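Consider the two complexes below, in which chain A is the common component and chain B and chain C are the respective partners.
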Partner chain A sequence: MLKYILKRFLSSLAVLFFVTLITFFVISVLPGDQAILALGLDATQESLDALRSSLGLDRPFLVRYLEWLFSAIRFDLGTSSVYGERVINLIVSRLPVTFFLTLFSIIIASLISAALGLIASLNKGRVADGAIRTTVLAISSLPSFWISLLCLVFFCGKLKWFPVNGYTAPSVNVFEFIRSMVLPSFILAFGEIALMTRMFYSSLVRSLSDDYMIACEVKGLSRLRALIHYGVRSAIIAPITLIGNQAAKLFGGTVIVETVFSLPGIGRLLLVSVEQHDIALLEGVVLFITVMVVLMNFLTDIAVALADPLIRLSGGEK
Partner chain B sequence: MSDILKLNKISAHDDARTLLKDVSLSLGENETIAFIGESGSGKTITLKAILGLLPDDIKISHGSVEICGKDIYSLNKKEKRRFLGSHIGFVAQNTVNYLHPLLRVGVQMTDGYITFNGKKSKSEAYEKAAKLLTSVGIQDPDRVLSSYPSQLSGGMRQRVNIATALMMNPSMLLSDEPTTALDKVVQKQVIDLYLSLLKERALSLVLVSHDLFFVNKIADKVAVFYSGQVVEIGLKDEVLSNPLHPYTKALLALSPSMDMDKRKPLNEIKGYISEEDRSRVGCPFFSRCPYSSKSCEQEVKESFVTPTHCVKCTLISGGQI
Partner chain C sequence: MKKHKFTLYFGILLISIILILFFISFIYLPYPVEEMNIKGRFLPPSKAHLLGTDHFGRDIFSRVLVSTRSALAVSVSSVFIGSVCGLILGAIAALSPVAIESILMRFVDALMAFPGILSAMMLSAVLGKGVINASIAIAFFMVPVFARLSYSMILENRKKGYVKAARSYGASTIRLVVFHMLPDMITRLITQLSTSIGTAILTESSLSFLGLGIQPPGASLGLMLSEAKGYVLTYPSQAIWPGLVLAIAVLGFCMLGDGINSLLHGEKSYE
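So, the complex of A and B:
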């Protein structure tokens, strides 16, 4: 198992290295560098050159990349030109929103999907099965910005269950913070439910019709034990991988919901950095999201190995 | 001698077809009955009907199954599970996933026992499992108990299945083609294992097999299935040495022997079990039988040639209804 974790860890580092290299490259070849942004389009070539050399932009690409990489390793991502604050501090202050949005929505989506998938697979071919799968597909087909607005109008405007525009930082009031997370989390979760339910459903259907379920029956095991210990046991692996991947995707995909609900999260930081050509911030946020995605994948691999002894035994060479 | 198993005119059908028709047979204590017949003849369905494990779309239309004097179709699902779990052992065809791939062999061998004897019986269950593994010829039971099924060979897995079936000291073992998908050497070992199990234990055995050599060695009774019906049933010697039904004769003639003429083609039974044959009122073998006559088109009665040997054929009943 240790060997497996080490292997996964090293390959994660390699992914990180290449992703940052590519992003850094793409950003550096984009038209409009920091010097032009600072001095404007009508600045003279001399003043541009002078600023570039004082910022170190005239040095070769690789040198600049390595310099950025080594300071990034020390958590120094530079200073944001828009906010005038250290990028790392900006990210850390926006982290709770995105982190909890992702966490809550993935938990909500997993629980609902697992329950629906289980109910549908146990009633395969009957009314409940068709009803669940159709409804789930319909809900997930709704665009998230639209459903966000509807929910905003109904739950926040009419019923006044949740604050319309009130984001409260967790440091101020934890309860209010969670209250402002509920609705956006559900909306994000809705987008994931169809895919996840489908995955739970199909792997459960396959597992429940496998020969070991007959063995349970013949051995006289209770229905519950057979279901949980045998049926769900092998049906859980594919969904775990999917949940991991979707969580990673959500980390960089909360922009729309954050915008509609005016939540100060990582997604909005990314949006601002792109709009304002805040290079240091953009690089920082992209690096952060990449780290999160890689980390999620790494954790997923470990979770899968914990659930599947055969991967553990083979050291990941299955 | 009281009957361990009694099937009384069991018929089963799915939406379109009749799958079993009036299957009756009985099995006494310490007896072995073998089901033979080609694929699709209803052997496995009969086994599953005994276990109450037919898929949802197959329904028993009439008849009863009695195990140790208990009509199992009168029990509800939970009662049936508990009754079968404690009275019957089942060894499935040697499929890869009959043992759960992600659970250790030990867990799978003992959880039935623990279900019946409570959580405290765990160590006792493992001891018993180890003992049974030794008795089915596994030398290092502790290693096997802590292994995953994929770490065992096919032959080992089948031994594990047999040992698992014996965990509750069942009075009857049902075994569905236990030697299929094993190589000849392992087949021989499994056959010897069954013979020694039957010698050592008070055990009735229902065996489904295509292997006539195995059947000849182990069975007391033989039931010949064709298209969901038992066309001939009797003591082993009666059926295998003095087959009366044309289908039984044809089936037995199929086995190639070492001294046969190598230039001649192998024997075969021309045709296949057609869908019309399944729902035919008369003899299901009618369209493939070389001796068929007009009287075969009506319901064929069972004729007892001896008190134990029963045949469904107009050649024997003389065309009388």
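So, the complex of A and C:
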């Protein structure tokens, strides 16, 4: 077990190394000379050189990368040129919105998908099965910003259930904060249910046809009872992996709903940094999100290993 | 088996609707796309304006027609670039010695760690806005998906009899991959391509919605929805049509992929 965790840890470290390399290369190197970008094409050679050496751009790529990497490890991501604040403070202040958005939507998506997957697997081959699978595919394909606009019109405009631009900080009023999260969380969850329902469905179907389930049936247990007591335990492993991976993906994909519902989260920060060419902020946000994704995937692997005796006992040698 | 065919046929039907709109856009446009008419703003659907007009008095139907061009052009080109790069990367990783293989696959994992919209936004910040840059940005996040596909397919097939047979005849590695393994993986590839085109259409419109893709006064479904956003509470109808066409396009390609997958693998495709 320890060997497996160590192996996953080392491989996550390798992934992290490439993540930082890609982030730094794409954002700092690919756009070309930042001194020319800042001063314009007709700047004099002296002023360009002066800016380059003050920004440290005259040093080789590897030196700049390592310097950036080591200050990032110490949580020093530089200062945002738009906000004039330290990037790490900006990220931390926006974190609650995105965190709860991700958390709520993954819980909603898991509950809906587990229920639908269960109903579909018990009715395998019947009309309900096909109908559920087609419907979830349709719902998940709908563009989130379109659904957001329609929900805005219907729930906020017509029914007035939710405020239109109603974000309230959790420190002001927790109830209002949760209320402003309801619609965006559901919309984010909709995008995930096709994949998750399919995963619940297929692993339930597989465990329904396992030998021990037949043993349960012989013993006289009802199908639902056998499924809940015995089937779910072996069927839960594949969905755990998917839930973990999708939670990580969702975390980086909240920008659309945050924009439509005016929620001040990490996604909005990302959009501002892209629009305003705030390099330090962009680098910081991209790095933060990708590190979170790698971390989530690592934790998911560990959780799966704990749940799955096959991995737990074999040390991950399949 | 019947319901699998339903998904397939329904997907084909939806894609045909989009293709018809796409071809009509070259043959007949009721109004020039950028023609504004301040007197005729927010008109409801009528004979003159099939889907009404937007906040500049532009004909929504004409703009939706033209938008299918950029949606298809960006998605098909980005999936093409992304899949070719990804497939080659995955194949190289699968055929390399273990050390290089694990380095390349960690690199692919790292690419995977960038959620789709994040890498597209990051690249459009660096490359600038516009159609071509949007295609490159979307192609970027298609790479790891296809890299993993070709990697796993080659690893699976390496031990199969026909590969051993071909190798015993003296086929080179490249010949083996291109002429023997590629035909074997073509079904899974087609499924993935179709789904990816759906995702790419969605990402292109998301980028345009955020103001990072196609720029005004050009027409894109995402851009139209972004413009409709400002008036959505007073004139919700402006937001309905572009979104509906977008949903049809995305759903069409996803269902086609799903349908082909079910047709070829039957019930197994879900397990």
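Keep this in mind: the second predicted complex is superposed on the first by the 298 of 318 C-alpha atoms of A that agree within 3 Å, B and C clash if a C-alpha of one lies under 4 Å from a C-alpha of the other, contacts with A are read in each partner's own complex, and residues count from 1 in each chain.
Rule of thumb we're sticking to: a contact is a pair of C-beta atoms (placed from the backbone, for glycine too) under 8 Å apart; a residue touches a chain by one contact, two chains touch by 3 or more.
Model, not experiment: these values are computed from the prediction.
Measured by the number of chain A residues touched, the leading partner among chain B and chain C is C. Within the superposed three-chain model, A:141 lies in touch with chain C and out of touch with chain B [touch as defined at top].
After overlaying the two complexes on the shared chain, residue contacts for A:255 are found with chain C alone; chain B is out of touch. In the superposition on chain A, A:218 makes contact with chain B only, while chain C stays out of contact range. Chain C meets chain A in the complex at residues 3, 6-7, 10, 102-103, 106-107, 109-111, 113-118, 121-127, 198, 202, 205-206, 209-212, 222, 225-226, 228-229, 232-233, 236, 239-240, 242-243, 246-247, 250-251, 254-255, 258, 270-271. For chain A in complex with chain C, the residues that touch the partner chain are 11, 14-19, 21-23, 26-27, 30-31, 129-130, 133-134, 137-138, 141-146, 149-150, 152-153, 156-157, 164, 198, 201-202, 205-206, 248-249, 251-253, 255-256, 259-260, 270-271, 273-275, 277, 282, 286, 289-290, 293-294, 297. Across the complex, chain A is touched by residues 51, 53, 77-78, 81-82, 84-86, 88-90, 92, 95, 97-103, 108, 111-112, 115-116, 148, 150-151, 164-165, 167-168 of chain B. Only residues 210-212, 214-215, 217-223, 225, 229-230, 233-234, 307-310, 313 of chain A touch chain B when the two sit together in their complex.
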